[in-house]
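Before anything else, here is the set of structures, which you'll find just below.
One chain, subunit A, appears in both complexes that follow, with subunit B as partner in the first and subunit C in the second.
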Partner chain A sequence: MRRVGIFWLLLCLSSLAIESTKVTIPAGSFVPLMGSQKRQALAVASFQLSRYPVTNGEFGQFLRVHPEWRRSRIKRLFAESGYLRDWVDDLHGPKGQYSSPVTNVSWFAARAYCRSVGGRLPSQNEWEWVAQASASERNGMRQPEFRRQILAWYARPNPEHWPAVQKTYRNVYGVHAMHGLVWEWVEDFNSLLVTGESRGDSSLDLDLYCAGGALSGLDPSDYPTYMRYAFRSSLKARYAVPNLGFRVAYGRTP
Partner chain B sequence: MRKQFIVALAGLALVTLACSPSSPIPSSPTPSKVVEEALQGEEVAVLTHAPQVPPPIQRTHPTRVIVKLEVREHEGRLADGVRYTFWTFGGEVPGMFIRVREGDLVEFHLENHPSSKMPHNIDLHAVTGPGGGATSSFTAPGHESVFSFTTLNPGLFVYHCATAPVGMHIANGMYGLILVEPKGGLPKVDREYYVMQGDFYTRGANGEGGLQPFSMQKALDEHPDYVVFNGSVGALTGDKALQAKVGEKIRLFVGNGGPNLVSSFHVIGEIFDSVFVEGGETANHNVQTTLIPSGGAAITEFKVEVPGTFILVDHSIFRAFNKGALAMLKVAGEENKSFYSGKQDDKVYAAEGGAVQELPNRPVAQASAQSKAERMSRGADVFNQVCTACHQANGEGIPNVFPPLAQSDYLNQDPTRGVNAITNGLQGEITVNGAKFNQVMPKLTLTDEQTANVVTYVLNNFGNKGGEITPEAVKKIRK
Partner chain C sequence: MIRKTLTVCLTIAALALASAAPLSETSLYNLESRWSDQNGTVHRWADLRGEVRVVALIYTHCRSVCPAIVQQMKETEARLSPAERKRVAFLLVSMDPEADTSDQLRHFAENRQLGPNWLLLRGKAADVRELASTLDFKYRKNSNREFSHSAMITLLDADGEIVDQQLGLGDGSSERLRALSKLLAAPSP
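After this line comes the complex of A and B, so read on.
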């Protein structure tokens, strides 16, 4: 009993002293919008997630050590020609955006970065679980204002320059920028709409968004979530998209 | 070989029998849509922003047509003082007009601008195939998709984005028209225009200023704040009105992007000589109002016989005068008094014919108001009965169409202007609070007393500077 108390005291002290760049996400469960025909709640085990999306500065450090992922050296198989298109040169990101999220990165490059820091990409379910949290509640989706804010952000075009990651929306866990900054890669981004290029594949109709698939969504008014799933399904692993970055998860792969 | 063929035929007959026992003899198959003409050459399609239409096709053969359409998300004007983030095919709402010929092989390039936040695709109703192209055109920001289709059916077709959530992509303006000209083309006309209706859903009410986000709830409820032609209130009014000359034959390509409302398309003061119903082959003649479904279109043709301003409306009329579904066609030229005389006479009408010349218990004409307060109270009644239809209950009018009476510099500089407009009518351009209006206000049949009352009421309400108008003053101004 006493040992437990000391443990908690230490934990509190350490979190006060310096804000870790990793945030522990407690286990929980939620009902995902799509892909669950029986509408079962999905359990998410506890894991750790980086507080911010990976920045240009951090990605530059990675490229110093791993030259094969530099813009001039990368294999076309792992990234299309737009890879890091906004970078000044092989090692320097866009001017004045050291603390802004890195974008124009392929899924392969994002995974390589995660491995280099001892982590991995979060799974889609992990990401969605954390994204449900508003500033005050773990299940922010119950708050109409939270949903409206997300939708309003989705409806706005990209800004000229990305702000620094610290200056973004912070949720109840202390994780920043799950909404309001850039889209983010997840490990299994293509698991739901594997036929993104041939949506006529009738055996998968239930997973499609338009037509019949739309009816299988749990909450047809949950447009923000629809839009994230739609965005992910438009991607291929080698794509480098101007508003797509990533963050790192730590812990056992779910 | 031959034996095999016969066996196969027998098998086919059995299958036919098994499938449709009620009609054992299969009728002759309908001719399948085979493109008999050979493709010749290649060209890049000319695309136009509304209300312009690409030139008619002169070719007498099908060709390979390259169409390049760029998706852009950008902030623009929805109404005066109201901004909205539009998602567009080609930078404007509606999307660019595409004109091809029956039998053409269209090589379609959908380019999603790198600044886009969303992936997009395109479903062209002119395409025969899964998703109308949507299955082959799902495009991430900064990417381009290419797919091809042959235009098997002629007609006027809607295209739109079909990316989840489809309703929101359409509600943000992602729709346009593609015309597939039949072999032999369309009959020659003097002018062609492109008009497309759409409904918009904003978080704030109609007229609430600033950048308005999309309201999911209002879209689900199908309660639009704006119903507009060509992407914004007043996109085709005033200086931007469609133009024509007397004697010309006009063809309007009219589409309806929705997402929700069906349009009752009507041109005030014109009768459509021909309407190609639903954009297809059937022509109806002498039509007043034609129904255009959401995700549908119509081709209307008419000859303009007399000069004047003709108003295009959705005849679900509150949409026209209160939500923006109003456009103008200005026709210049010589009057033709035999077609339309204009007002020939204005005289007192007394009911006649029967024995009753005067209604019994007819109220005695009201005595003149005894005080300013009484004048204003009576004026309020007149205002609510007469003026609100155009100038609105809050006196703020309708941008570009009906000038505001509220905080009106035009009125406050000279209150007799209000009296003059009521008693004598008003025509020609005026500037009110910095905005130009060029409309016709008919003279109203109000008495001097009523006119004095209502102008006094307006002067002392809606943030105006006050004052009083007497019936005697009205009498002097009346021509």
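After this line comes the complex of A and C, so read on.
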């Protein structure tokens, strides 16, 4: 009897030691850099977000069960030819990078992964809301040190190998790598218009110009946020980019 | 009797196989979502195979760009010969499935006098996003329930391949007509 008691005690202790891979993000509101008219604050409902970006190891597990998303099988509609280009073969990611973020994945493949684990991609606003959090504050953008840190991350070139997701910056919610690792897909990455699309011009729309105008009067440390929006609007859903991964959100689609 | 039945069965099977040649990898009809039309009938993309199709994403309470897009599509239709018209279908997909119920889509089709070769579809928000991503169509809902969105008309061949895409409100109807005639002139598969 006593032995059983000790067993349960150990089990409880060990489950305390293992952190959940999902983090609950409480509801809040913030003024997004773009996509809000007249710079109004937007409400973000509570949702759950994966603590880390999805790793090569996790994506490999997904590919075992869903062969149609393997490099050799995926349809061109859903990914360009560079899809998983750094993988050793159909099921094995780059050597020694099991716990590093998966990159070179298309938006379609990222979504399929999310669906397979009962989740979805976070919306742009959800992602940006969580990205505002520093190690100590939900609105870390008020902290000059945090802004400087982000700026430094964006200025740094990509490493040859991505570090393990656990070894990255952790914010106040306990979510890792919102900055300082890879870019991430969001569900509505294609929600900003581009002016003169028909002329093949890639300059961003009025929305962005307005924000850009606003930015010129602001601290240049807001530049990383601007970069993220500009980067997203340059993407197409079948693109596979070497420094673009994703993470999973759970809960009602906003 | 048995042999006769067997022959009929085999013929049917052969016919079914012929029309079910695998889609090319880049066909839009590889999408697996389900949609309902203005009459509440459910469609899958693969069911839409077989007809040349002019496609646009719109929302019915739009007062700016969408009416112009629908008008351009109607003009394209009007400039086709009666024989050509029979072989071209028109598809409007709502980017606002919350507001655009099947009833709303039917009213819209009636008000705009869209013929029986016009299909108006609504689907799940995530499926609209997927379709839009496939077409490189950009949109977002604004706080005032209006949408900011690309102006785009896409021409699909009978197998769901994008043949022509017009971006912006410039009048691309001549180019679209040329592309359409070319498609219709090609021998049917």
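Things to note:
Keep in mind that, in the parts below, the second predicted complex is superposed on the first by the 210 of 254 C-alpha atoms of A that agree within 3 Å, B and C clash if a C-alpha of one lies under 4 Å from a C-alpha of the other, contacts with A are read in each partner's own complex, and residues count from 1 in each chain.
The rule is short, and it goes like this: a contact is a pair of C-beta atoms (placed from the backbone, for glycine too) under 8 Å apart; a residue touches a chain by one contact, two chains touch by 3 or more.
Bear in mind the structure is a predicted one, so any value in this text is a computation, not a measurement.
In the superposed model, A:G82 makes contact with subunit B only, not with subunit C.
Of the two partner chains placed by the overlay, neither subunit B nor subunit C lies in contact with A:F59. In the superposition on chain A, A:R120 contacts subunit C only, with no contact to subunit B. Once the two complexes are overlaid on the shared chain, A:Q40 sits against subunit C while remaining clear of subunit B.
Where the contact sets of subunit A with subunit B and with subunit C meet, they give residues 196-198, 233.
Remark: subunit A residues 35-37, 40, 42, 75-78, 107-108, 111, 120, 187-188, 190-194, 196-198, 205, 207, 233, 236-237, 253 touch subunit C in the complex. Interface residues of subunit A, counted against subunit B in their complex, comprise 82, 148, 151-152, 154-158, 196-200, 209-210, 214, 221, 223, 226-227, 229-231, 233-235, 239-244. Taken in their complex, subunit C has these residues touching subunit A: 25-28, 30-31, 125-126, 129-130, 132-134, 136-140, 142-144, 148-150, 166-168, 170. Across the interface of their complex, subunit A is touched by residues 73-75, 85, 114-119, 130-131, 134-136, 138-143, 162-166, 168, 172, 203, 213-214, 216-217, 220 of subunit B.
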